[in-house]
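The following blocks contain the structures, represented as structure tokens.
Each of the next two complexes has chain A plus one more chain, namely chain B in the first and chain C in the second.
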Partner chain A sequence: MPEYKISLRQLMIVTAMFTVGSGILLVPSGLASIAKQDAWIAALIGVLFGFGAVSVHLLLAKMYPTKNLMQICETLMGKWIGKAIGLLFLVTFFLCGPTTVLQEIGNFVTIQMMPETPIEAIILLFGAIMTLGARLGLEVLARSIELMFPWVVFLFTAMTLLLLSEVKLERTFPVFEFGALPLFSAALTFASVVFFPHIMLLMIYPASVNRPEQAYKAVYIGSLFGSVVLVIVIALTILVLGPSITAQSMYPSYMLAQKISIGNFLQRIEAVMAIMWFISLFFRLALYLYMIVAGLSIILGIKNRQALMLPAGWIMSTLAVFIYPNVAYRQSWDAKVWVPYTLVVGVFLPMLLLGLHGIRKLRSRKSA
Partner chain B sequence: MWKASVLGMKRIGALFVLFAFLTLLLSGCWNRRELNELAIAVAAGVDRVDDRYRLSVQVVVPGQVASKKAGGSQAPATLYTAEGDTIFEAARRMTQVSPRKIYFSHLRMFLIGESMARAGIAKFLDFLMRDHEFRTDFYLVTTKGATAEDTLKIMTPLESIPANKLFNSLQTSERVWSPSLTVTLDELINDLSNEGKHPILTGLEITGNREAGETPENVNAIKTDANLRFVGLAIFKVDKLIGWLNETESRGYRYIKGGVKSSVAFVPCGDKGKVTLETVRSHTKVTGKILGSKPEIEIKAFVEGNVGAVECRGLDLIQTKTIDELESKMEKKVEQLMKSVIAKVQEEYKVDIFGFGEAIRRSHPGFWRRHKEDWDDRFFPNLAVRIKVDYHIRRTGTLNNSFINDMKE
Partner chain C sequence: MIRILLILAVAALISWIELPRMIRRKERSAVWGFSVLLLLAVGISVAKVLFTSLPTPLTYIAIAFRPFSRFLTALGLI
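Then we have the complex of A and B:
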């Protein structure tokens, strides 16, 4: 059976959803605590950083249009070192990326909506549908993202429009009050949450796209769309809530939705708005799981990757319950470990691979 | 053929098992709260009693509100109070008197007792912000001359639930008369955490006979014995109440902050007559400037209004000259309103409730960083404020010249 190849349109929407992913819920607070009222500028700079990283990924994809990340590793580093690096990458990413996002969903629901519900129940339910989605494979995921995408766009647009009456422009002043340094460190945080994990998408494009030579367009447009959504959300938290409250809150974007109140009847619809990030988080998680398992099955040479899905999903859900002992741990982890880690896997790893590619080329030219 | 049907049977069986599991999962969640298990709080108040918090919560009695026949035997709302060393403790201790757990998501008003306000409000605000049940869309006010608990006991006509009456009358008075100000939790927190502005809350007092106000008789008579009234604004120094603005000063404050949607003011005309003008919209721009080494504030107000009532003879409203004169009188009046409140706060209280410091911070962050420590003591009391009001009269109601002009002498 030939492997299903997704269309460029699907790749674009997958990238957009992956970009919006967990950032929509997690990014505003951290950014505002570093860059204060300039958080939106920091986000814009972060988008630039991110596009730098994505262009490195795309360059790598251009060199090997029929291979995915794991196969590229094996080709360039040799079979065993390639496999070892790949395995290390997948396992650490599995622990730091999707597992923590899954716990974050549990945290979000227990903090904002149902404090007495055990977090295990929420993680189990979410983990179950995530595993189901990943097990059904890329084709189903890509098509369902296509179906859900308009809803996310609709909810996001509705939220933005309904909040326009609450916007106070003066909250963004003074611009550059604290100089450039916090802006760059905030921008790096933004890129590390939103863009550096895009390295994982190399498991899907170029090899699983029907027109790999055009894939870069779809990835750029998708990333751009996701960035626009995130920058708007961050700007809205600053414009509506102000930098202090954004920085103090766990989930400022949820508070943003709580602020919606049009004429005393269109109000208290934050739970509806929460659907938006449930959808985007679900797809980010399902894609993560799919890509990690796909990579693992290549490294281990397992033909039937479906067999790995259920155990991987199960392990992830179990780990998600206790991966962070408390929320303060998460916050210091995100600040101290996550940024350097994603820099290594999302920027240095592809650069290393490109370097190796260059050396190989030189050598083969010499020998020829 | 036979094999296929067995396969089909198996499928159906598996589906049944799946559905059975689904019903287990979907039947509800741990946190389900049925409507009849909730005590919906609509107003809450906190007082300081001997260094402890006394929390009073006004809870809707659903049966009394839902019943179509007017005038049930019970009051439409009931009040629970509890004390605690922390406010959260007080809120939970309330279950000792309330049959149901209090549900705070539909809170409309939060009353801060004057004693509490004078002692400092920051300590309990964190709980309101941190607890997930509180939204940020309720209004906070300070009681004046009474405890929050007593204020919440008053029965009110028209709106049977007192919290609703407070919510609506605060909103309406902000909109059409403008001495009061709706402040939501996030705005208050912003005022407390941002530099260069001290918070302000609307005051609430009980008028008339307090004891009579607590009985249903209060709403049985046409003229109620006691009522709840919003009175001017409360001035806070950081989180402590230090004084009050009266009604006129409060309106001046509202003009400075901008966004007066509607208000009424009069200017004299002829001898002893008055022309009342209705403001229909206004916006204000406050900019900070540094002249030499001194900060200066410039307030530019743009106000639009209509002629609402004329009391004097000989006012020719068809002439643009008359309108121009009225406009310039009105400009002076609004300017005076603003000036008097600024002068009073500068002299008496010396706290920047207008956000002038914030305006300086926004325009001159460098100056602000150097001087923010002594802003309230050194700069604010002597701050030069230049006010420019631009009043435009657009229409004169359904009449042009008054019948008073043609009235027989």
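Then we have the complex of A and C:
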């Protein structure tokens, strides 16, 4: 079976969807609780942090245009240490990334839309769809993202335009009330949810793109698109709901859609808006699962990666039921562990790899 | 009991979908990887049925990252 290569356009849309992914639902509340009415400024600083991290990833991709992340680890750290570090990275990422987001979907649906349905049923349905999507492989995922992308753009634009009548600029004042430190702290939270997991995209983009030398453009444009969407959503939550309601509610962007009311006629369309998040969360999760299993199969030397998808998806769905014992655990996890974890795997790991690459180059130059 | 039987039935279904093709193509490493993952999945599911409250695996990651997390907290960044 020949390896399928995605086009630059597909890579751009994949990156954009991956960026929007879970952030659109989870980020506004945490950001507003740290930075209050300056959350939108914090988001802009977070985008800067994120682009720093993404350019480190891209530098790594430029050095090794034919290898993916696991193969880069193996070349630079030696076969066994590279394999061990790669395995550790994949297992921890599997626990922190797709599994927790899957429970987040279950929480969201049971809290906001179907309070009488048990969370296991929703996790099972979503997990099964994501596993099937990941099982069909990168080609199917990339093409279906292309198909769904206009809908997400349309729903997002509709939501933004319909909310403009509710915007009150006074809600953002006073600007810089709490000084600079909360801004940086909130920006780090933003970047850790939205941008640092982009390290996982290194499984796709230099090696599985048909023109790897141009991949950086697609990744930059996709990330830019995703971050524009997120900054607009965060700014809207502050402008429409105000900082305190945003910080107190679990899913402020859903409340945002509930606020839409045009002439007491066009209202309660939040379910339509929820479709947008389901689409973006579906693709983020399916891509996570695909990339993690692809990495695992490379480490174990298995050519047929499709076969591993169903058991891996099953593990993901089962773990998702009890990965967070309760919401309080989730909040302390997001605040205290997730940020350092993503800093290590999303920023320090690629920097370490770049450093090793530099040392290797120096030594080969000396011996030559 | 019936729930454990259901789990085993699902495992059988998944093996029935995936295994024959792998065996026909004689992909030994794929069969190994598949069986280990499937065994893990069945194990976690059965454990979830037998014990109502399982500890979350995130605890170990939290312990591993505690020093770094404290350092960042001391800096005021998180």
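The working rule: the second predicted complex is superposed on the first by the 368 of 368 C-alpha atoms of A that agree within 3 Å, B and C clash if a C-alpha of one lies under 4 Å from a C-alpha of the other, contacts with A are read in each partner's own complex, and residues count from 1 in each chain.
Here, a contact is a pair of C-beta atoms (placed from the backbone, for glycine too) under 8 Å apart; a residue touches a chain by one contact, two chains touch by 3 or more.
Note that the structure is a prediction, hence the values are computed from the model and not measured.
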First, second, both or neither for A:E170, with chain B first and chain C second: first
Touching partner for A:P311 - first (chain B), second (chain C), both, neither: second
Which of chain B and chain C A:T117 touches, first, second, both or neither: first
First (chain B), second (chain C), both or neither touched by A:F184: second
Chain touching more of chain A, residue-wise (chain B, chain C): C
Which of chain B and chain C A:E213 touches, first, second, both or neither: neither
Residues of chain B touching chain A in the complex: 25, 29-31, 129, 132, 135-137, 186, 189-190, 193-194, 361-363, 365
Parts of chain A lying in touch with chain C, wherever the complex brings them together: 92, 95-96, 100, 181, 184-185, 188-189, 296-297, 300-304, 307-308, 310-312, 314-315, 318-319, 321-325, 329, 333, 335-337, 339-341, 343-344
Of all residues in chain C, those that touch chain A in their complex: 10, 14, 17-18, 21-22, 25, 27, 29-30, 33-34, 37-38, 40-41, 44-45, 48, 53-54, 56-58, 61-62, 65, 68-69, 72-73, 76-78
Interfacial residue positions of chain A with respect to chain B in the complex: 111-118, 121, 125, 170, 173-174, 177, 241-242, 244-245, 248, 255, 258-259, 261, 267-268
